[in-house]
């Protein structure tokens, strides 16, 4: 099947840049928020900006939570970006306790290190180094440390090794990317990470 | 034969510039002077200035120094220093150029209003026009009449008001890469002015204007030696006594003298805060370009590089982009002023274009060289 | 630790881009000029972030601004921050939906902190950059709003502490005295930051060349060096600057 990407539009976030990046890679892209019309796509991308709680409210109210679980179960690759990756997890404490989509075993909480003691800042904003896990499909062809663009105050931690595709460190170790079966996610913004980001998106399209 | 010009390795001054010289590193004399300025002890010169000023400072309310100004940054800065820092009583003087620009007029008003006594000399406009026209055709100096008047009429005024000190701004030769003759000399005289600033053409011009009523030439005559006898008259450059920094002048003039900039960059350069007083300056800069291969952007780039604001690599792009702009926006004005047709005007430009540096392509003189 | 950033700022007004000198504007050129002399598609990889500010002194047209921003950033895959005269939620929404990853707020911080709180609540701290314009005075610093025209009574140090409390994401500190002068950043202002300030600091005002950018990024308190000097970096100025920073050991992102 030809590559047909849908960016899931649930009313939160800047879809434009993701769309531009995918178009730049030469694939056909649709922005779609209606669960009934999210069929027939080869890949799905779940973006996200803003609060976890608000995002889950919007997703649930549109029935997208069920829709995404179905598609994933059917084997459609799904890439969550930034908040989009966090939404794949079990829960987050951002803006009050909220259940996530539960597709990945992991929990999202605010960075817990002491900014005063470490001299590091929250939100974590800027390009930072990511260490891919050996054998990761998302990071195929990358070096041992790669720079991507981050902008977040909350981060994912996974209990198990299995979903972790890359780690990073900002005052503490945290999960920078996940991959598990058809699921993938990046805490960083590939569409904002220059050539590195474009290459990772290409990996998602080709290897998932 | 095509000339192979070279460029200063530090700024972008071109080897074609009259009276330029380079050291073993390929740095021009303006850049060498820049280094000297930073290293030398200015205290003796500062003392020289104070001594000079103390000697002539007026105790009876008369003017003790004369400062040529145009309303632009440099004269304004010098006047400001003399009045507010050194407690002198300067008389500012402007020689009205032909084709003055509205921004320039406004800047001059603001300068005067910021608190200076000022004399505005308006030499006979028709003589000015003939003189300028002659200079344009015969010397490639489109405002030759004005260039002469800013020397002669100022000396005249100084004599008439019994003002012994005349402070010009910067010594262009020393600051920008010309003769280093006056680098260590405070004062200069009329003979030097004729030789360097008027390129030795003064007497010939006066001869050309022999049919003009002498009364109309009052402001263009240097005093005879006899007139100067027994009079104290010191002509000096402010840049001798203090490290010259034209950007600093701009900031001071902006803050204290009401200087305003143009809303766009000036023709042939990327700056907007200098030489805003007369339309003929753009033509002067263009002729300089045709004669020597460098224009306003090169000059401005040199200033930026020497004051540490820009690197040579950065400046090269700007010079390639802006230097040598044909002053399209003023052509109609020039033709009307000089009473020339486009063809006659172009013929003058053709006469001055250095064909070793330029070739004519589609009616425009185009450089054979690339700034490197 | 996040890499240090090189930020390029474009000053836009009514269809053209400007150079600012002590907050006085000189028109440089339109989009055509920008494309010819900057070729963003190829030099975008030299910078970490692009900022575009609408510095119009006249009524602004947000739609035209957004269209321009979209065109400029067309093949740039890096963070984009947009701002200039944001006074309403609707304007913020329009900018975000037109590609802004971050919003730059200035006068609103002083005149409409409630709007700032709302924006932080909806878009998150990381989306809000607090732009602060200041001037040096005898022995302290004064804050100015309204494009540098209105001086606030609140001294800079206290203002910055208040901004931390507002939960903005970053600080964009711009020195009016140094703006456009090419004399380098006013590094003394760093002493005005609240102790243990956790906000990333983007330094602006006075950077004319790679040496100034290096001096800025060499300071531990500075996270990003910004320049809006549209003349000085034409052609390959930005790539050269990035190389200079890397050659001198500044941890910059690589791709």
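Just so it is clear, A, B and C label the chains in written order, and each chain counts residues from 1 on its own.
Here is the rule we use: a contact is a pair of C-beta atoms (placed from the backbone, for glycine too) under 8 Å apart; a residue touches a chain by one contact, two chains touch by 3 or more.
In this text the structure is predicted, and so the values were computed from the model without any measurement.
Listed by label, the chains touching subunit B and subunit C alike form an empty list. Distance between Cα centroids is largest for the pairing of subunit B with A. Chain centres defined as mean CA positions place C nearest to the mean of all protein CA atoms. One finds 38 Å separating the Cα centroids of subunit B and subunit C. If each chain is reduced to the centroid of its CA atoms, subunit A and subunit C end up 28 Å from each other. Look at where the CA atoms of subunit A average out and do the same for subunit B: the two points lie 63 Å apart. Multi-chain contact residues of subunit B, defined as those touching 2 or more other chains: none present. Multi-chain contact residues of subunit C, defined as those touching 2 or more other chains: none present.
The set of subunit A residues touching two or more other chains is empty. Interface residues of subunit C facing subunit B in the complex, by the touch rule stated above, are 21-22, 24-28, 37, 181-183, 208-211, 231-237, 240.
For subunit C in complex with subunit A, the touching residues are 1-5, 44-45, 48, 70, 74-75, 77-80, 96-102, 121-127, 169-170, 196, 198-200, 220, 223-224, 252-255.
Against subunit C, in their complex, subunit A makes its touches with residues 14, 16-17, 20-21, 24, 49-51, 54, 115-116, 119-129, 147, 149-153, 170, 189, 191-198.
Of all residues in subunit B, only 247, 251, 254, 260-265, 270, 272-273, 304, 307-311, 313-314, 317-318, 321 touch subunit C in the complex they form.
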